[in-house]
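Each chain gets a letter, A, B, C and D, in the order it is written, and its residues are counted from 1.
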């Protein structure tokens, strides 16, 4: 969460390529680990910060997209907490930066929260949604899940569904077959195939593209995707540079 | 959570009717409310206790059934947290009391946790499951949900699905149509029909029974249900009376 | 298929009640029974007539609604055949009489034929659809079927799903829960409950209405339904009386 | 349907490769085209033969597998009719040849017929099923269909789902993702990708294998498949050569 690292990464990319779509996480800072002796006291592993702290780098760096997690759930050994009031505050900072939120949904209840956020104006369409499949304990990475969740999404939504670990490439195919976009990368999985570590994100993207093309789909350019997803034009700058 | 009240309720019922199946909640004590200024500090509304404290009354009163909630989620204005380690400890106390857990599932990730608990021996079949539909933000009370969740349940499971508020009676019908048992009562809903408050649990149960019978089903007696669900015979006593 | 009987029934009803919605079948006349020694020769049980013969009574009596079956399937011991060209011809006669077709769908392929008929202008919205569940061998009367089929229907469609035999009342509930209207009557089932024959259609309708009301729904008057379904106003007359 | 051609094809293959699994169609001979002036009279395009005629080549050539179509439906411009009595007779010939039927299901009603045939002993497990997606008017080639139909199959069934035309490769992926085997070839589709005709079946199979492997699956050898599917060992001979 070192803001200076975010800044360097963003600026180095922007120097080389202004059309590439930058999507920056706001995930860190929602982790709570109940103590064993008294669960209401935060134990080791807790990193639970205020909404404004969790979105500071977005306000400054103004990426094209920033994630907005709607989950409250166990997440491995900890608990991730995103209360509706905190989500609303984070959304406000994201929109104020001219950034589009990528709504991350980890289980079906998150979709209902999304509907409430659409209804009260917190988030505005066209919506960009990721169905996150395979985190313990959220959506199961399976064809049924993709269809069930997709059919509950608000109108005016474009979605992807992606799986963690070994479900990564099956869910690339399933998301495409269900009418969605695809997402893949080292944030979610590290193997290119059984026993073969992916050396780069690019290797995973190549394989995903290959799958989609074999199924009849096509990749978009960054510029095409900007227009398709309703993003700002290329050439955004960080706030302090403005 | 006053243990003396639990005891009085249980004993008064047992005096009059020993075959009635007693199912006692272990829900209270999992609530955490992040403070606004520093979310990792428990704020007002928090009631987050250790697993042994949350199951003390079960160890003493030894009901036929005790609930075991597998959810970690927003729940109205607070967060409910049931970490897997805490769930395991509560299950241990419940089984030690000769009590069967009613596994309460609030969203699809809870089903995956249930599978892990079955796998590691924490819970033993035949399983008794309730799909809780309508808590914000968990399962949506809808036909799709009942089918989707039912198809993910472990084998050797008997389930009901019930809806909160105005979805109570529609979900009675849906649970039955999907092959489940039904549950209804003042814990989950207060209206008998639009604008008519239910005076008693019995009035709600009568209506539910009526619906099920119109659809071709039949009610079981308490004794029949004991055998059907694999519960202990009637006549259990509290520990301190033993 | 005696046209004089149709006429008498229609006129006797219209004398007493002009607002009641009349829906007349065009089902008879699509039956083909292959001979055993040479299946391409029509055997006993065959009643397979031209589209114009099958809709003669509609042209004359001009009911509010006439059924339009899209199925080609085994149907008990025979085969029912409704080829797309014949369906188009029957639809033409129905519309020419100022009558709205009730599209009867017996399996999922029929829904795809319906889409083609919408696309080529043969049938015009708002559409009125019945999902027929339980004929051997078509749609299975089950919750899954109602959801699967409903989600494939063309837009601008109002539907019911109804079950034959003992699935009649379960499917009344399921159709309502899935957002549809309900249909019940002696054409599809004869028991009011296990072992109790229905004495009248009215008894079955009463029970269905009761179920729907217990689930939170409401019955419409004939006049309300006319406007809701986009039907002509009450007071239609037979052609020869015009 | 020239039996001599079937014989030559089978024997030429068996000369070169005895382990290859031979699956021969029994599809031809179920086509009926109603005449326009009198639909009960067979018109041009009709080829509707007795069950024994339709399975003559199976009795003689004794392939490992023979198709058994359970559909009665429109099929392009004609009607295909497979009445339950005729299906039973064809199954008898197939089993008498020591051949396993591949049950071809074109819509959901066919699955119910299959259940009845399992119940009355006409067909014996382990079952081999193909869900045929994309014939007008039968199953729609879509993820929903594969899941819906798969969940209705009898126990002790191995299935594939395959799509016709441009749905061929998407349904290869979908069948695999839903837990099925895959099928592809020039009987069902002719394009390898948009605008590129497949020169050979082998090219299509290569592509399908490629897709499955990218999703984490593996191809079986013919020998492995024989044992996995419960087929007879390699080395079957035609009856007249026996």
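The working rule: a residue touches a chain if its C-beta (ideal position, glycine included) is under 8 Å from a C-beta of that chain, and two chains touch if they have at least 3 such contacts.
Computed from a prediction, not measured in an experiment: that's the story for all the values here.
Chemist: Using the touch definition from the top, list the chains contacting both chain A and chain D.
Modeler: For chain A paired with chain D, there are no chains in contact with each.
Chemist: By that same contact rule, can you tell me which chains touch chain B and chain C alike?
Modeler: Both chain B and chain C are touched by no common chain, going by the contact rule given at the top.
Chemist: Between chain A and chain B, two touching copies, which fits better, same or different residues at the interface, with half of the numbers shared as the threshold?
Modeler: Copies use mostly the same positions to touch.
Chemist: Farthest from chain B in C-alpha centre terms, which chain would that be?
Modeler: Farthest from chain B by mean C-alpha position: D.
Chemist: Roughly how many whole angstrom separate the Cα centroids of chain A and chain B?
Modeler: It comes to 33 Å between the two C-alpha centres.
Chemist: Using Cα averages as centroids, what's the distance between chain A and chain C in whole Å?
Modeler: Here chain A and chain C have centroids separated by 48 Å.
Chemist: Would you mind listing the residues of chain C that make contact with two or more other chains?
Modeler: 144, 151
Chemist: Name, in rising order, each residue of chain C that touches chain D in their complex.
Modeler: Going through chain C, the ones touching chain D are 32, 34, 37-42, 46, 48-50, 72-74, 79, 81, 83-84, 86, 106-113, 116, 135-140, 144-145, 148, 151-152.
Chemist: Can you check the complex and tell me which residues of chain D touch chain A?
Modeler: These residues of chain D touch chain A: 143-144, 146-147, 166, 169-170, 173-174, 177-178, 193-194, 207, 210-211, 214-216.
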